[in-house]
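Labels run A, B, C and D following the written order; every chain starts at residue 1.
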Amino acid sequence: MEKIKVAVLGATGSVGQKFIQLLEGHPFFELVELGASERSAGKTYKDAVNWFMETPIPDSVKNLKIKNCRPPFESKIIFSGLDSSVAGEIETEFAHAGYIVVSNSKNHRMDKDVPLIIPEVNPEHLQLIKAQNYNGGAIVTNPNCSTIGMVLALKPLHDRFGISKVNVVTMQALSGAGYPGVSALDLTDNVVPFISGEDEKLEKEPLKILGSFSGDEIKEAEIKISAQTNRVPVIDGHTESVQVELKKKATEKEIIKAWEEFSAEPQELNLPFAPEKPIHYFREEKYPQPRLHRNIDKGMAVSVGRLRPCNIFDYKFTVLSHNTIRGAAGGAILAAELLVKKGFLQ
Amino acid sequence: MEKIKVAVLGATGSVGQKFIQLLEGHPFFELVELGASERSAGKTYKDAVNWFMETPIPDSVKNLKIKNCRPPFESKIIFSGLDSSVAGEIETEFAHAGYIVVSNSKNHRMDKDVPLIIPEVNPEHLQLIKAQNYNGGAIVTNPNCSTIGMVLALKPLHDRFGISKVNVVTMQALSGAGYPGVSALDLTDNVVPFISGEDEKLEKEPLKILGSFSGDEIKEAEIKISAQTNRVPVIDGHTESVQVELKKKATEKEIIKAWEEFSAEPQELNLPFAPEKPIHYFREEKYPQPRLHRNIDKGMAVSVGRLRPCNIFDYKFTVLSHNTIRGAAGGAILAAELLVKKGFLQ
Amino acid sequence: MEKIKVAVLGATGSVGQKFIQLLEGHPFFELVELGASERSAGKTYKDAVNWFMETPIPDSVKNLKIKNCRPPFESKIIFSGLDSSVAGEIETEFAHAGYIVVSNSKNHRMDKDVPLIIPEVNPEHLQLIKAQNYNGGAIVTNPNCSTIGMVLALKPLHDRFGISKVNVVTMQALSGAGYPGVSALDLTDNVVPFISGEDEKLEKEPLKILGSFSGDEIKEAEIKISAQTNRVPVIDGHTESVQVELKKKATEKEIIKAWEEFSAEPQELNLPFAPEKPIHYFREEKYPQPRLHRNIDKGMAVSVGRLRPCNIFDYKFTVLSHNTIRGAAGGAILAAELLVKKGFLQ
Amino acid sequence: MEKIKVAVLGATGSVGQKFIQLLEGHPFFELVELGASERSAGKTYKDAVNWFMETPIPDSVKNLKIKNCRPPFESKIIFSGLDSSVAGEIETEFAHAGYIVVSNSKNHRMDKDVPLIIPEVNPEHLQLIKAQNYNGGAIVTNPNCSTIGMVLALKPLHDRFGISKVNVVTMQALSGAGYPGVSALDLTDNVVPFISGEDEKLEKEPLKILGSFSGDEIKEAEIKISAQTNRVPVIDGHTESVQVELKKKATEKEIIKAWEEFSAEPQELNLPFAPEKPIHYFREEKYPQPRLHRNIDKGMAVSVGRLRPCNIFDYKFTVLSHNTIRGAAGGAILAAELLVKKGFLQ
């Protein structure tokens, strides 16, 4: 198979850098173009970027000349890590021009005809793009980083037992705020109990993702969700204290079984970025922990632990996932792989 | 008024050190005796202790010779910061010998005849000690550090509106685990979603503290509480994401008013360790934060913020309190001041 | 004595906030005016500032209306916490207009006729301002935060034994970079071995401060200094590993004696911000440490420890000082107090 | 080639865990035996260990039964990560019994007939073991973690220009103290300017390692070294501010060339744990940084940066290396690989 040419928009930002790092040597995709703001356009990537990944800039990317974020591009797939202040319009423009945009930005997530995809959870929602009016182009979106880990953990329970209520309190990593993002003076020896707009995303996005797809539209899941989001001094990995009320009673054993047996289309299709096991359940009561477990299965698996009965809901447990890999660039790449394998690119 | 002689048991431990630091220059109490384990007994305090407070060892304490933790002592009040592995028996022995034990240990907290006191919340529970069979001695206990902040914030709401359910997720400070306590390898760039026995304390102790006192026993409050406790990289100050269901509906304004107007017996009696305002409500959406607000009113006030409606409960908000001052040694000293002023020492 | 009216320029920045916090209730000074950039001018202070001190904004300051940084002001003394991009010109303009400018900015520090003052070290350099051509106005500067702690520790050794070489490696606190300053992604689980321009300041400023004053100019001290500066994940308090070569040999005992006996004009004059003992020597081999000792004597004392012989120089030791109090706003206030007490304001 | 059976002593400790993690799938070695203290002996590894590596316990190790640390063992090579309180005797006993002990403990490092090996620096010192009286057994040691990185960076300079003086100040990682090691209360928002015995190791070990080997003994290098060691809040990676005085003057360009061209026997022999380039020089003035660069070349390369002239010595620069990989278990494995390839096992 010939590699598919792809571009990264917002290439100098933190999500953009992660896209570039993860796309190195990808079996399906060849990164051939970068887009960034006026300020960077025209420069080579290595001169424009303040690279802060732990691996060096891939050699094939170092000297790419940065373009303005406007079509035409020679790529077929456009990964967008654009800031939400500009992502909306630019992504629309690329879709109209016939490109497949896979976006990590929030702008189009809740659009009626735009799928909000977690490949293991709602791959069937990809059909939605057929309803988009983009002359062969399309927009597919990635949920918010705090949503993805939680919904992956909820999915097997929702399938087997039905979920009626979800309560969640997050302890989110610094990298979720981009770079430079949070001041070290704000998050050394401290917790910040507020992340702008984050409670809302975590309360709304899961309803769409877990919604049923009738063939032409998504009917939101009927789940009551309440979220409180906090920032803590952790580099990568969002930790979430979750509680659920189930429609059908289940034992702890049945719940753990649901998680451990969970496998979905990306696993069946053997997609390159699909984790072998999407959910790892830890029996040790002090696990999962972000520093120890965020990188499981190259950062694409979700770790769950501490399942126990709850005095108010049915169960409580802890969920951990890597916010910039599974929760952003890696998740978007997996979605693009799914698009390819399911024939959406023809 | 002549100062009352007091002792600190467990004097070399982290709670013991905090007691010693806070008792320096106290207007009611004179610290004259220290008790610690066999290993330290006989040594001067400065030789036995690995002092790690930010202020120096008080001069009057440096050269006190450490005693074994057995009566007789010349003090009237015995502050106990003993480890729970030994606290139970030793405290009982001192009470039997006629001393007033004010303990920060968990051992006697749930004993039927032992008051579990937050001076602003349930001062009337002190009457319970009259039922104790200790020939003039008594045991009074301080709740768990994560309980105290939360219950102080709940009290005015419970009084005005009635509380039926409480959901809480904590982000607790390192100092709550004592010294050396947690390894720096476990809590640098990390969260640990487990504190042994802590969920349980936070679910049970508030029921006793908010319980009604009929004159001879405490009837536990009928509140459903669910707790999930986490350890985060913060030196001092427990942050808690709390949700409440009220019996009587209330507006946000009424709730904030309840907090801001809250004042109780320690304030009326003008006790030395009583904060001027027990509860500070912050209107800035990014507050309260442990590093900025744990020391408000010398660490004895509780900070609350982020009140907002909840999709599942009635309201959600964030509570912050200093776990080793208000939540341990400072809270115990305030309880002792209350005992003195209400005449329990005669 | 009637209080002297003072202003703070750069009032919304991190040094400005520290000035405001420390000036609250000052016995000599009354803070009556604030200056900041165009963007803030015209607003009340509480509306313009992103306050991040641990104590609340003083009530007397909250509603002060921010001015543009141009004379006339009604104050006599102008404390400048301005950014170095604008400080040079503005400070000159205020001096020309007759004000006494006490600046924490680097711009005028190395000007020939501007004293670079550490009140305990070179109070006689204040005479330099008589040579300034400012019609009664003057500029006095505060050294760099990493310079102040080191030079205070060097001064008694230089006086008694003579210093020929100084080698220093710093581990500097986050607050030295202002707010927001350093990204939390750069300084969580990390060290940054570079601070722009800092090695140079630390190598040059001490030569001027320790220089001799002949009556009309300063002759730089003849000391070879080499500095390497690093940023570490500490909120406040610069720690420095220092080595010295002495002209006259001295024993460890004599050196410690020199530190412990050190006292200077600010102590004699009993200035409000003067620490009782400028230098605290710790005999415990694990001290000094920033979290434990930065606040000694309200953050105005320097802590020293770990004196031991060196294979290359004569001695090595560790110095710690609070970079935003002694090393910035507090040091500048002490210098202003000295100006007042020595009659420079008449 | 058939794999050589190896054992790890001190298998439950932090160095032992790192040995086990790194030996998984090793092309030369098969880990077949584990030794630990009485307390663990007899248990399976997974039951005895508090595993805190970021990857899971290798399946082949999970169920190994832990032995007492006494011969006989069936392995040929014994990797020792024993605590220094017991390492001396146990290692001697294994050597006497005919085993090749490769030790990370300090006990035998300075023994006259024991090579202190950094494979790229002094591979010829391995000949020393021929002088050992162990009936075919031998002891080879790994230097201290803070020594290894520095000496690797010094070696090419010493070879080309000669070094007469070295001055070093370290900022060492938490993992260097083992587990649980340092309390989080000591190293959150803090620096500790003392590591027991560390200054001394860093001043003495390099003299032996860089010493010349005459055929029967090592003549120590004549270099004056002065070291000051500090602990900082970093998980892995020791950062060192180094200064050197050279015998033969060299330009910056020549020095960087010496580093970049450096390659040695492990690279020629293509040893599995040999980094491709032992030294990476960074031209960006803010590099190297522990979080970004400790894992370069699987944690076996040393990063150097910030070379610049010095007012006292000739040059100053920053060195960074991974203290538990290159500085402990990985370095010892590389030494064992060298032993194998150079025929010391026949």
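Here is the rule we go by: a residue touches a chain if its C-beta (ideal position, glycine included) is under 8 Å from a C-beta of that chain, and two chains touch if they have at least 3 such contacts.
What you see is a predicted model, and the numbers here were worked out from it, not measured in a lab.
K.L.:
Looking at chain pairs C-D and A-C, which one is connected by more C-beta pairs in contact?
P.N.:
Between A-C and C-D, contacts are more numerous in C-D.
K.L.:
Taking each chain's centre as the mean of its CA atoms, which one is most distant from chain C?
P.N.:
Measuring from the centre of chain C, the most distant chain centre belongs to A.
K.L.:
Distance between chain C and chain D based on Cα centroids, please, to the nearest Å.
P.N.:
Measuring from centre to centre gives 42 Å for this pair.
K.L.:
How far is the middle of chain A from the middle of chain C, if each middle is the mean of its Cα atoms, in Å?
P.N.:
47
K.L.:
For chain D, give me the residues that contact two or more of the other chains.
P.N.:
Each of 52, 186, 188-189, 233-235, 291-292 in chain D touches at least two other chains.
K.L.:
Could you please specify the touching residues of chain C with respect to chain D in the complex?
P.N.:
Interface residues on the chain C side: 165, 167, 169, 171, 186, 188-194, 203, 224-226, 228, 230, 232-235, 239, 241, 243, 285-292, 305-306, 310-313, 316, 318.
K.L.:
Would you mind writing out the residues of chain D in touch with chain B in their complex?
P.N.:
52, 174-175, 179-189, 233-235
K.L.:
Over in the complex, which chain C residues touch chain B? Could you list them?
P.N.:
Against chain B, chain C makes touches at 52, 54, 188-189, 235, 291-293, 295.
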